[in-house]
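The following pair of complexes shares a single chain, chain A, combined with chain B in the former and chain C in the latter.
Moving on to the complex of A and B:
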């Protein structure tokens, strides 16, 4: 059952260990590490909430659909962190470690969720995310009169 | 000073797959749209993306979506449009990998009209 599989990928210790490793990788201090672990826990809790809300077999399609929506949510969150860290990197020479670590946690959670999504469906989701942002860029350029 | 030796840059269009796979940095050849023609071993291992999965896909939008922005893909498209490109800058990868500080060099080899993305590690 998908709800049970969700509980496996959202095992608290795995996300927490990953967060602690990312904190070490980027050199976060104790307070930063605590905040990053809370950031990871919040994303794991969202998965627990999904599994708890839709545990029945008859809800499985709805649960899958909502999990796909959560993948998109995390993908766009990762995208935002990616833009912030790389504009910081390019313009200032280095990125804020907190942003890098949060991007890594987001990417880690995306990978966990992807194990439960159909690869063909996942490709469509990624394409959708890509097109949505490309359309936004095109709209913004039109608004600004950029060719 | 670039992580890519000048002598190597001049030989770029003729690099073989085996010599590309022996390089201590990432080497990706892409067409004018960004579709991967060659993806070397170093890049494959660093990104944990098998060569067979990467080649034929768009580098900027499908394989390395962290580069799908004005900083990298925009710069690439500008370079292709102008017919010249040689830009090196710091970047940070987090997508499907641990936080990784890199240098990226975007190159267009004018004579052969080939495009190259080179990726090297950098200290934080």
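Moving on to the complex of A and C:
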């Protein structure tokens, strides 16, 4: 069952190990490492909470859909970190290590969730992640200066 | 750039973290959950500050708008997930976790701040997509998915 597979991911401790390695790779100090590990724990706890809240067979379809939405959530988060990294690199010559490390943890979590989603669904979700923002700022209201 | 200034104002708001952490008192969180909420609030402010700082020199307002939209969508999906968990917890146990409720409320607070920078039409379109992704309310694309497990709504 999907809930059980999610619990395996949530409880195997791999994300925390990966976070410590990413922190080491980018040279985070003790406080930065603690914050990165807390972020990884939060991401894993979210998976655990989903599985624990929807453990029954009758919940499986909604759990799958919610997992697909969680993939999109992580994807947009990863995208934000990536954009910040790119702009920081252009502006300052390098990106903030914490941003790089958090982006790495996000990418790692995406890859773990992807093992539970149908590849065809993933392809469509990735397409939606692009399309959702493709028509941005289409509204005449905004162009008139709402912001 | 109007958007960059507005985003920086949200990120720099000294009330942001205290307001979010104040939810701990409202929901009577224990010390451990309060610390988790505090870390969450500080991370969110860090993320907004990073976005505002890095994109202050974005090539165009359109590019900055797209990035802010992505950040809002991130919050929207997170808020929806927290609510989903809270609802299921309430049904299963009659007692949803207070921390998850606090995170949902914090998420909502941040969304409201950021969405002031986005067009209502865009937000409505994205919100509809997010809801229909979970509910499967629209089956227009079911044939593309090839089975009944999931169906996504068209985006426009």
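Convention: the second predicted complex is superposed on the first by the 136 of 147 C-alpha atoms of A that agree within 3 Å, B and C clash if a C-alpha of one lies under 4 Å from a C-alpha of the other, contacts with A are read in each partner's own complex, and residues count from 1 in each chain.
Following the convention adopted for this analysis, contacts are C-beta pairs under 8 Å (C-beta built on N, C-alpha and C of every residue); 3 or more make two chains touch, one makes a residue touch a chain.
Keep in mind it's a predicted model, so treat the numbers as computed, not measured.
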Chain C versus chain B, contacts on chain A by residue: C
Chain B versus chain C as contact partner of A:126, first or second or both or neither: first
Which superposed partner A:66 touches (first chain B, second chain C, both, neither): second
First (chain B), second (chain C), both or neither touched by A:83: both
First (chain B), second (chain C), both or neither touched by A:25: first
Residues of chain A that lie at the interface with chain B and also at the interface with chain C: 79, 83, 87, 133
Of all residues in chain A, those that touch chain B in their complex: 21-22, 25-27, 78-79, 81-83, 85-87, 89-90, 93-95, 100-101, 103-104, 106-107, 110-111, 126, 130, 133
For the chain C and chain A complex, residues of the former touching the latter: 2-3, 6, 36, 39-40, 43, 46-47, 50-51, 53-55, 57-58, 62, 65-67, 69-71, 73-74, 77-78, 80-81, 84-85, 88-89, 92, 97, 100, 116-122, 125-126, 129-130, 133-136, 141, 144-146, 148-150, 152, 155-156
Chain B residues within the chain A interface of the complex: 61-62, 65-66, 68-69, 71, 89-92, 94-99, 124
Touching residues (chain side chain A, partner chain C) in the complex: 35, 38-39, 42, 46, 49-50, 53-54, 59, 61-62, 64-66, 68-70, 72-73, 76-77, 79-80, 83-84, 87-88, 91, 96, 98-99, 118, 120-121, 124-125, 128, 131-133, 135-139, 141-142, 145-147
